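Scroll down for the structure; my scribbles are underneath it.
Think of it as A, B, C and D in the order they're written, each chain with its own count starting at 1.
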Amino acid sequence: MRELELYFGPQHLGMVGNFSITLKVEGDRIVEAISNPGYLHRGFEKLMEYRTWIQNFPIVCRINVVEPDSMEMVYAMGVEKLAGIEVPERAQYIRSVFLELARVGSHLFGLWAYSNMLGFDTVAQWAMYHRDLVLDLFEELVGGRVYHIYIWPGGVRRDFPKGFKDKIVKTLHSIGGCVPDYNNTFFENRLFFERTNGIGKISQKEARELGAAGQVLRATGMPYDIRKIEPYAAYDKVEWDVPTRQDGDAYSRIMVIRDEMIESVHMIFKLLDNMPEGSVYNRVPNPLKWKIPKGESYVRVESSRGELGLYLVSNGGDKPHRAHFRTPSYPHGLIILEKLLKNASIADVGNIMISLYVVAPEIDR
Amino acid sequence: MDRNQVKKWLESPAKMGHKYSLWAVYFCTGCGIIEVPPVITSRWDAERFGVLPAPSPRHANLFLITGYVSVKTLKAIINTYELMPEPKYTVGFGSCPINGGMYWDSYNTIKHLDKYIPVDGWIAGCMPRPEAIFIAVTHLWTLIDKGMAKGYIKYRENYERYRENQEKALGRLEWPPLFPVKDENE
Amino acid sequence: MVTTIKVLEIIASPLVALIIGILFLGLFRKMMARIQWRYGPPLIQPVIDLVRLFSQRGFSHGAIFDMGIIISLAGTLVLILFIPIGGMCPLESTGGLLVILYVMLFAPIGIALSGGGGVNPNISIGISRKLILTLSYEVPFIFIILALMSYYRSISIVEIVNAQAHFRWSLFSPLFLSGVAYFMILPAMLGIRPFDIAGAPQEISSGAYVEYGGKYLAFAKIEHALALFIIIALFVNLFLGGGNLLTFLLKMLAVFVTGVFIHAVFPRFRIEQATKYLWFWPTIISFISLIFIQLIRWQNG
Amino acid sequence: MNNVLKQELESTFKDISLSIPEDKRMVITASSVQILTILRFLKDKGYDHLAMISCVDWLEQGALELVYLISAYMKHDNEYTEKEKLTITLKTMIPRENPEFPTAIPVFENSEPYEREIHELYGIKFTGHPRLLPLFLERDYEIPPFRKDFDTREYVKEVFDKIPFVENKQ
């Protein structure tokens, strides 16, 4: 049979983000897949070297548009560690609530992309609607729908407004009320199982070899979660579980995402109940003349897609000497995707890509 | 909205058809794409006004350039733009295609999109709200009505200069010119 | 006088089919929107799209590319003349079911021809998927047609429709199982989910239609609307007893609405899953039905 | 736990400097020839998660610093030990002129895209790497863009700002 070269993306209805995969196909089977990133490369880390510590906050969150908050968090943590700033306890709780809300929003976005890919228009529209309800909360809190710049070195920018806790609870209840609908139409749908079971299967050993993290690893049975391993914010203050599945295929990954969303919602309720009173902000020195002592730090958080790390080097000046983000989509999109696409069918390209939760701007930075 | 005025439909069917059937190329050029799914799904529902994501650039007549354009993306944008059948309309979404926005000093983003392809309208902001897309669409309606959305004609007439700029940014263009280019030696 | 009526019918039936088909497409989008908690486009949105597509400059890939879409459209138009629409059937005395079986293959073959002129690899994948899908549903379809023909001892659709007058619908006759099988393959014939594999915008950018722009896409849309009409009309005629124009359209609407609901809650099959499904339950059921009909015939002598 | 590892490392490798700046972190500085052996040693000890490879340009010292960040995956499900909590930073300096370095792919398979990226952005040639093709960039740059002597603002002025706007034909 004739071998065809097929470009999947960047202009493609099944492609989420500006990313491209070059496929060599024989009939319906893929012989070779080559990830082709770089459509979104802006040289973030170079730009950060030209901006002061505080000026970097607005650009750091733009590395990942789907969940910008974990980016802010990791940068704030890096700066705090280098400068030795303490964070008040209430701010820790608020950060956790905020990050978990962002995780719910991000997973709903992933659910949109995934169900849209499979042709589940209806569920996709519902998920997008519910994500918008979460964005409304952000809008009330910080004024922006997508980019928040809320987490700040030394705490968060402002306290929760009056009655905001109730609003969070109300919104999450209205989303949670639709979980049975989602289950009936999507997660327990026989065709969904048929489409995803055994697709893009990766064993735990292989996943370890290839540097996987996040859902990809948790779907193979390992509860590897930075929130448990190296707790930051207030994640060690409440009880919660790491959901896992055993099979390592697309079905497991999506079910892990579903369970994680539900776990996050429960965690938010617990955090809101235990939230202490107090200040939310420790003053930092005058940001215009802020110099951070010489040193280096590596901090990591669990973003909605996996381990997100930041290697930050300061040479004692008012700007970072070097910042390098370890983004979870990087190994997922560049190595694991290529491996899993080999011998898959064309119908499953988007299926596998979105089940790995590859977010293109994160890879390119 | 004059969608239900039969008289206008009989007078200029092409204009009205283009106004109320804007199919957008689904191309996630930058972070602005994050606001497009809410717009086409149930919260804002752009399909009410006939705005729809098209599966292929051949079907489309609206090109939303959502966010910063890196050099590599510019190549894909030009390719996609040239694939679209005429008439076609381009809208730049967000601050970054206007003048570079936040990435004004990045070595890998082109700053002014209208140096490389014609743009009919801009939506400012980072990130513009979904409502801004609707405002842009209504402005585009006015432009189509008055015959001012002529980016594609401008592209045809000034193709040589556009191609020269594209070559400057991309180095070398692998595809043949869309419109005949005069050879300077002749 | 008879000739004049015939000529009028020949003009009228494609027109009716076109109007109903396009309205159905509009209704389809509106209903999907409502299921998805949206307001949805106006009912005449497909007409607006068609006006726009006709005013846009298409891009041709050569003569075969142009010919293919015309063949496909022509095949579908011819097919309409063989189908009774509420008592109106321009070519009632010829061919009947057998002709329909053959002419139904024109549309996919035309698209395949046209795709041969394009260079996009998505086209060839889309066409191969479409042909495999056609092949898959043809098997149970032929069993169903055979059962019908041997039960009514006729190949004329008009006679079959007349035999079902006064509520003796084939769906509630010994042909019940055939009707069920037909209903099971109906989504595949309509190309709606879970069988919208040939287009699959998220996988292969609408497959064979990826290179069509402007009037080519408009022709493809018209063809799609007509095909939608034909397949539902055939089901209504063969199993729901036809009827006069009003009841006929009402029955069509009922079948169509069921189809939309199916479309709304299912994802897309992979092509091999679709073939597996179509060659399993519908084929078995339609085959059992065929044997059953033969037994009845044999008993009645 | 960390002290055991520290002693093991110090007894196996002679001229490395090793420090524990804070809890859960360990910084090892070694000469460039030792890196692959240390990586393999750490992997055998169970530190099998290469989080990333980074590179820092020290212009004044005339050196590029390669940084390997290593932590451990979990060995037993449902149990979080001290091992996973430790992150090891392994650093080495190599000269800025014509830098070359052996690839770490034989030890950690996932170092492939990181090395490709560093090759593109810093110009370090990784010997033995199967495909050192461009990853992100479309244009050619004389100086690899992430080096400190590449001034992105100057570059923008030189290249993009000089492209003229297209005005309508008169």
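Worth a mention:
Rule of thumb we're sticking to: contacts are C-beta pairs under 8 Å (C-beta built on N, C-alpha and C of every residue); 3 or more make two chains touch, one makes a residue touch a chain.
Worth saying up front: this structure is predicted, and the values here are computed from it rather than measured.
Contacts with subunit A and subunit B are shared by C, D.
With centres defined as mean CA coordinates, subunit C is found 36 Å away from subunit B.
Between subunit A and subunit C the centroid-to-centroid distance comes to 44 Å (mean Cα coordinates, whole Å).
Averaged C-alpha coordinates give centres for subunit C and subunit D that are 60 Å from one another.
Centre-to-centre separation of subunit A and subunit D, using mean CA positions: 23 Å. Annotation for subunit D: residues touching 2 or more other chains are 136-138, 145, 150, 152-153.
Each of residues 36-38, 201, 205 in subunit C touches at least two other chains.
Residue positions of subunit B touching 2 or more other chains, listed in rising order: 41-42, 55, 70, 72, 105-108. Those chain pairs judged to touch are A-B, A-C, A-D, B-C, B-D.
Only residues 25-31, 33-35, 37-38, 41-43, 53, 55, 57, 68, 70, 72-73, 76, 80, 102-103, 105-109, 126-127, 129 of subunit B touch subunit A when the two sit together in their complex. Against subunit A, in their complex, subunit C makes its touches with residues 32, 35-38, 121-122, 124-125, 128, 193-194, 196-197, 200-205, 264-273. Across the complex, subunit B is touched by residues 29, 33, 36-42, 45, 48-49, 51-59, 199, 201, 205-206, 209-214, 217 of subunit C. Every residue of subunit B that touches subunit C in the complex is listed here, in rising order: 3, 9, 13-14, 16-18, 20-21, 23, 41-42, 45, 47-48, 50, 55-56, 58-59, 61, 84-87. On the subunit B side of its complex with subunit D, the touching residues are 70-72, 75, 104-108, 110-112, 114-115, 118, 154, 157-158, 161-162, 165, 168-171.
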